[in-house]
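The letters A, B, C and D name the chains in turn, as written, and every chain counts its residues from 1.
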Amino acid sequence: MTLSPSSSRQIEILRQGSGAYHPVDPDGFRHYVREHKNRALQPRLMTAREAVDRFVADGDYLTYECNYLMRGPNAVFHEIIRQGKKDLWIAGKFTYVDVALLVDAGCASKIDCGFFLSAPAVDRALKEGRLQVYEYSNVIMTLRIQAGAMGLPFLPVRSFGGTTGFDHSGAKLISDPYTGDPITIVPALNPDVAVIHVHQADIYGNARIFGTGISDVEAAMASRKVIISAEEIVDTEEIRRNPGATSIPYYAVDAVVSSPFGSYPGTCPGYYGSDPEGVFEVFRAVMGNGVPAYLDKWVRPFETFEDMLEQQVGQAKLDAMRANEVVKEGYSA
Amino acid sequence: MTLSPSSSRQIEILRQGSGAYHPVDPDGFRHYVREHKNRALQPRLMTAREAVDRFVADGDYLTYECNYLMRGPNAVFHEIIRQGKKDLWIAGKFTYVDVALLVDAGCASKIDCGFFLSAPAVDRALKEGRLQVYEYSNVIMTLRIQAGAMGLPFLPVRSFGGTTGFDHSGAKLISDPYTGDPITIVPALNPDVAVIHVHQADIYGNARIFGTGISDVEAAMASRKVIISAEEIVDTEEIRRNPGATSIPYYAVDAVVSSPFGSYPGTCPGYYGSDPEGVFEVFRAVMGNGVPAYLDKWVRPFETFEDMLEQQVGQAKLDAMRANEVVKEGYSA
Amino acid sequence: MTRAEAFSDREVAMCQVARLVEDGRTYWAAGGGTPLYSVLLGKKLYAPEAQYITEDGVIAPEPMLPFEPMMTMVASRAVYRALAWGTMNSAGIHAQLGYMDYGVLNTLQVDQHGNINSTFLGEYGGAGRRFGGPGGADTIAACCWRTILITDQERRKFVREVDFISSPGFLDGTPGARERAGLPEGTGPWRVVTPWAMYDYAPRRLRLMARVPWVTVDEILAECEWKPLVADEVQVLEPPTEEELHLLRTELDVRGQTTDAAGSWITWDGEKYIRA
Amino acid sequence: MTRAEAFSDREVAMCQVARLVEDGRTYWAAGGGTPLYSVLLGKKLYAPEAQYITEDGVIAPEPMLPFEPMMTMVASRAVYRALAWGTMNSAGIHAQLGYMDYGVLNTLQVDQHGNINSTFLGEYGGAGRRFGGPGGADTIAACCWRTILITDQERRKFVREVDFISSPGFLDGTPGARERAGLPEGTGPWRVVTPWAMYDYAPRRLRLMARVPWVTVDEILAECEWKPLVADEVQVLEPPTEEELHLLRTELDVRGQTTDAAGSWITWDGEKYIRA
């Protein structure tokens, strides 16, 4: 029944990838938390403009949750493009159009690839050397973020071994000191900044997400700077009424942005369905060469995302999206 | 910004504990799941007697969630004692009286120690060589279970290094291949059987837990055999109405036991408060030499836990416990 | 069940996969599109007790059909009436634990050992064309017990060695190659389904096992750059039924998104099926 | 604030710890009992914006006081009006991430380097007495930035080297010893509080820094088997106030569970405090 620990003094590294990866530094992350994360219940409500200005820096490693079509943090996403952030390194898991938008807008120069829609804009950037891609997969990316969210330097994983991506990544295949079997380990990811759209948050950042997700909580806990955009700002009394519904605790959050319809043209499940026209439009733009025109129509002319919603989308369409979301059960606390 | 992977071919093991540990075998666990876990939606409702008879074997590694005083799976716990299971190896995290009860009842012969109430019965068993203790801590135990729940052989951790417990455990201190810094890793724990008391479950095992907990979900996912006892059996339609409230999915569960007041004399938060008299009685029994008398009064004379509740506790007290639980908010879906 | 008289290549593939769906088993359907539609078709017609998850960790939903365009994950209709809601990590971890019987994938390129390329055609880093990457397929192919791959029957898709292994098959095809790479023991590719054919592995090398009535083995092999093994007896697959197509067209792929660029159209001329 | 005139040894210790509680900081209070009561006392009287968690992952509750007997975790009154509910792993992980400023612990035995024994008195595995083990204290002592230890001022509790390190202090006291053992950088013991005294570290060795008015430095040192360093100027601590004791007795330790076996009783005789 029991197994004696092996007395070996070494663990073999059987194979390792040669890809660059965002630096692993759990102690550095801890020091950052100690110095910069506000453990007091002080309001952190601000505009998307202020949040992006204060918390997204050129060169940052950025993760955003879900994607442009599904509960994406699109108000903040637009603001990043509007402010012309540069040289972002993107956690490209579960993305569709997002990577192409950020790359063609000149914001992103490195992608850790889980999945993104291959598009002319991405191809061009690759060929012109404006973009570097590192190879992972969706779950490997979210497990890297989970490792970061646990304060660990790495995590063993059961996939990714044997792939070509492995060789172009930060992964290592080691001999498991407990079983002797080969096992892959991947470097933890602690992004500089996470951008997450949620259903409800209070002014301190206590946030509720309903429905399924990708790695919202993990990204919030793993990232140095966390921007939450919320469909609804709720009272802290409401948070305290049902603590089981809190997905992200305030102390991980740096900015809360009130952002109704913040996932337009995508869906915010339980609150509104997607705008199929808007979805097809961004798809067509990305799959063709239409990103600049798309940004010139939907992003750049507006001071704020709210202005865009008001002037470009209009209340009637927003009302229709809301009405189109017939499923409500499970999307409240 | 980027860090080149080290080209070292080895990871140093700087120090390792000499304690025995439950065997690490993630592939074996997978095969068990494939062969024995029912992925079909077929009812698995049964009595505590049947569940313990079928799913708790002598010599099993057993974890139970919470403890005898707080949402403990006491109906199943009593049944284990009643059926005279032997040689159990117990995950002794966040326990108070539980370890002493199981040891003095002759059921347990090995404990992985996080915390348990030191008691004469435990001392005696240790001195007589009937009991072996392996040293961990509460969080290290729940992280070991989390490693098991992720299908991994081990997990890095940020505590436990430097302790004497480390030397008497299955932990290893290695040189982190990503930072070069020393980091502790601990062996995953995949118990043979987990016993968990929940607020609500359907007949297939989809289970809801409200309030805080220890490692309920992790234990369910990490364990080969899983017995759920539930305050309420709810319809699967109710589960489907709010899938966000499901803590444990049916396919991890082998037995569902309907067990109202199944945590007596402890509390099931939101449903009933504890019975202070009953709590003091078990404390006194454990801290003195009263375990046999306690079992002879509360466990052994009864065919079932329900019989005990009816004959020994009585409806009036149960009603009072229910009435005494004034906090309801947050304890429903 | 009535044999249908007109359908597309891709509809054929989805119907074949649907018939592989087994009651009481768990399926991880990659992304949206053909894998998800195939599993749903199988569940609705043949195996009501089959259960599935998707990359957003939804467990055993009863989706409100049809989906909104492209909204097959993190969308209320897609995750409707699930038994549990989760995350990408919960989906990945349940697969790591061995809870997922089958993974269903589609891809760009597959090789003789079932390795999958969805990343790069050409020499990686050199000239060539970049694609989207593995997405969830890497974990599906690594951790589900068996994987079913859906792809088109095109020469360039069946190659000796993929240019880039995005998701693992049997790797170099030697016994234990997956285990030596750290992958869970006993897992691997199980079937490849195209509009023309079905393949299995014998034991770790792709083998043509069945064909549709309207193409010959030679025609299939002509559409494989690297020739697979061929079973001693190549079975003949049943064409789609009216029931399958009705469900597919009215509840699943209602906008023809997956069948848009779905190859040829096959029709019954009164005596036999012919490809347009 | 009114100086109280009668209180127990253990009440003194809890009041001293309460005064260390800082606004806007996070506290992980071990188990129930004195650590939790001390933090709550400090929060209610001095630092309303201090927040705490316990081992069951509750974040910043506003508990309904008093607790039911022994019900300080996984109980509805204890976790009432929290900002979030979690698990033991979420508590441990948030501490691993550096979110917990202070850990508050009690223990059996502490040594010159702040190492804590709550497992075994005597030679481990030989004769001696077994205790309950570290519980959550190992992770608290490893991962919170600073730890505050509450214990009794008894000779056998202050030793040169603990018989068993259940939870880490500065280990062998050499610079970097914790980091070499894999513990997070820059963490460690900060204060030890007894009913008679308060200690800090200079820098990694226990140092007597303050005493209560009714005992002398010599009396304290007599109750240390291994003598700590002594600060050049040993400060004098303020006795408990009526406000502190009122809150402690009416809302927190209402049944006297923690003060039951709480050492001596101290009273004001009109001129000075005397120990009974």
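Just so we're on the same page, a residue touches a chain if its C-beta (ideal position, glycine included) is under 8 Å from a C-beta of that chain, and two chains touch if they have at least 3 such contacts.
Everything numeric here is computed off the predicted structure, so don't read it as measured data.
If you walk from chain to touching chain, how few steps can bring you from chain C to chain D?
2
By mean C-alpha coordinates, which chain is most distant from chain B?
Farthest from chain B by mean C-alpha position: C.
Return the chain pair with more inter-chain C-beta contacts, choosing between B-D and B-C.
Comparing B-D with B-C, the pair joined by more C-beta contacts is B-D.
Please report how many Å separate the Cα centroid of chain A from that of chain C, as a whole number.
28
Rounded to a whole Å, what is the gap between the Cα centroids of chain B and chain C?
Here the centre of chain C sits 40 Å away from the centre of chain B.
Between chain A and chain B, what's the gap in Å when you average each chain's C-alpha atoms?
Those two chain centres are 34 Å apart.
For chain D, jot down the residues that touch at least 2 other chains.
Chain D, residues with two or more chain partners: 58, 79, 82, 85, 96, 184.
Could you pull out the residues of chain B that touch at least 2 other chains?
26-27, 151-152, 157-158, 181, 183, 211, 241, 243-244, 330
May I ask you to sort the chain touch graph into line, ring, star, complete or other?
Contact pattern: none of line, ring, star or complete.
Considering every pair of chains, which are in touch?
The set of touching chain pairs is A-B, A-C, A-D, B-C, B-D.
For chain A, which residues are in contact with chain C within the complex?
For chain A paired with chain C, touching residues are 66, 69-71, 92-94, 96, 113-118, 122-123, 126, 133, 135, 137-140, 142-143, 146, 157-165, 168, 173, 181-184, 211-218, 267, 269-270, 273-274, 276, 279-280, 283, 325-327, 330-331.
Could you list, by residue number, the parts of chain D that touch chain B in their complex?
Per the touch definition, chain D meets chain B at residues 55-58, 64, 68-71, 73-77, 79-80, 82, 85-89, 91-92, 96, 119, 124, 129-139, 141-143, 164-168, 171, 177-184.
Mind listing the chain B positions that touch chain A in their complex?
Listed in rising order, the residues of chain B that touch chain A are 1-5, 7-13, 16-27, 59, 89, 151-158, 170, 172, 174, 176-179, 181, 183, 185, 187-188, 210-211, 241-245, 329-330.
Write out the stretch or stretches of chain C touching chain B in their complex.
23-26, 49, 51, 58-62, 79, 81-85, 93-94, 96-99, 101, 145, 184-186
Can you name the residues of chain B that touch chain C in the complex?
Where chain B meets chain C, its residues are 26-27, 29-34, 37-42, 149-152, 206, 221, 236, 239-241, 243-244, 246, 249-252.
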